[in-house]
């Protein structure tokens, strides 16, 4: 029934491109955490080099969005798809940067990993990764409920972050010799917390995409 | 803001075919209202109800209310000639009379009985200035209007309309026969004119509706599917049919 | 070469030849008539009264009567014809009555002029007892031209774009103001063309006038009395040739014919040229 088959195909391709970039970012986050847990600098290096691809992809897709706006004069939902696309691209690219920061930190803590404060970090990472995944699912399916539920998870992340932050500080106070190492763990949890915020941004974009209304979700 | 025109339960029939169904619309003072919709959806018919140009067509029947400042335009005391002076119209194709630029603009005041030469000169100049045409034609006022370009002719038609001091300007696809630059000139002009007039514009060009209007109404099969603030309607329409139409996915 | 091109070339030649044939015919007529008649034409011939049984004499009264009858007939037919045309084009809504009016007009237009002449003879000359008069001739002529005028008026008004009417009405003009100020001016050239057509026909008409205005002229010249008989140039031409009582009938006929042609030509130019200039001004061509 559509009179805009070409445009529809292009919008579809845009979505596919965003998902392709999203899966790269998801992998980066996963690998960054892996490099921390396994203390493998090779994996960390891989994350850092992959970031160039993500950055390049972002500009490519963003240019495509701008081209679509200029040539197709999108209205209503089409316009929202493209505008949220651009915003999601920005968030994804920043998430990639956070993964790089985590990978760098992982390289710095290499071999000097304190055991105790670590136990909550995997849990936090798991939740954050779930949020990212749910956020992108919500985008693909235009699922407002999923987006809202995902954003609610941010509270949990914030709680863990506060706990971990205090734990790490007191751990450093008790073990001053670990400070050069634990400082990097602080970076990691801080970045994880930021990743959750970015995921929340994506959730808000999804709500706008579907309803046309801006909703503050965290 | 106050309503200039209030339409309630408007139905219009051409013989047995119903062209407008239960149309309700508020047209606010000093705003630009755009009417959009596919061909044959009734938007031009609706426009022509507002100054009763449909009276010229055989077999048209109208019921419902069309209030211009609280007075029903179909009321028994209403003088159609006077109504059309208050609610003027600009047509799809520029239609200047085959006479001089001056005589075109002076046409309206003259038929309404004005003979004073100095006053006519004044009206002609002011109307041409208001229609952003004075600079281009002041040295050829007494030459035929048919020698002007299409865009100039359309602005002349607007000037000719302004000369009778209407309150409402109805525009039936005023730039559909013009090139893009002339179109933009008309659109700029509309923004100036809306300070003093209430404007209703029918357009096939959705970008134009989005650019120039404050309020948009979407017509489909003789009904208003959705109407509201233009920026809302074009970014997040409520009705699926509106969405399909403005994103170009209409049937 | 493919056959379409051959046909195309052939038809071009044929159409071109048809055009030239018409032009050639006209040139031949003009050359013949003017060649015979111009030598006869003199100021004296044009102005002096005719003689009945002797040579010499002119066509002054006939020339005068031609214009007088034309003027009177237009006086009757233009208001009625143009009025009816305006009514049909601008006011009448399609109905059985307007169709009937249109049909009547067309029927009237096909009535042969001799029938109208005899009709005039019976009604005006005999029943009303007017005898052969200039007035009767003018009335019969008006009858002959009325349908053409109605038709021409209606057609030229219909040729005016509907958008002019819409524009005028949308400015708050009444229907009459619209007709008078927006529709009639651009239709004027059409009307004038119709008028010259009708006038040319009136000037050349003989059959109608023989039976209504008669074949004699007033003793006085010029005589403005419309109740006397008034022979026109065309009738005179016919009469001179048919009766042949004058010794110089050939020369008089030739001169009259040439004069007739010149009169029609002058008449066309006189009305047509200003109308054309006016039209060009309207359309913005200089």
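Letters A, B and C mark the chains as written, and numbering starts fresh at 1 in each.
FYI, a contact is a pair of C-beta atoms (placed from the backbone, for glycine too) under 8 Å apart; a residue touches a chain by one contact, two chains touch by 3 or more.
Every value quoted in this text rests on a predicted model; they were computed, and no experiment measured them.
Among the chain pairings, B-C comes first (most C-beta pairs in contact).
Chain centres here are C-alpha means, and the one lying farthest from chain A is C.
Each chain gets a centre from its C-alpha atoms; the one nearest the centre of all protein C-alpha atoms is B. Rounded to whole angstrom, the centroid-to-centroid distance between chain A and chain C, based on C-alpha atoms, equals 93 Å. If you average the CA atoms of chain A and of chain B, the two centres end up 52 Å from each other. Chain centres here are Cα means. That of chain B falls 47 Å from that of chain C. In the complex of the two chains, the chain A residues touching chain B come out as 1-4, 7-8, 73-80, 211-213.
Chain C meets chain B in the complex at residues 93-94, 161, 163-164, 166-174, 177, 181-182, 185-186, 281-286. Chain B meets chain C in the complex at residues 51, 53, 56, 58, 81-85, 88-89, 91, 93, 95-99, 107-108, 110-112, 143-147, 157, 160-161, 164. Contacts from chain B toward chain A in the complex involve residues 206-207, 210, 234-237, 242-243, 246-251.
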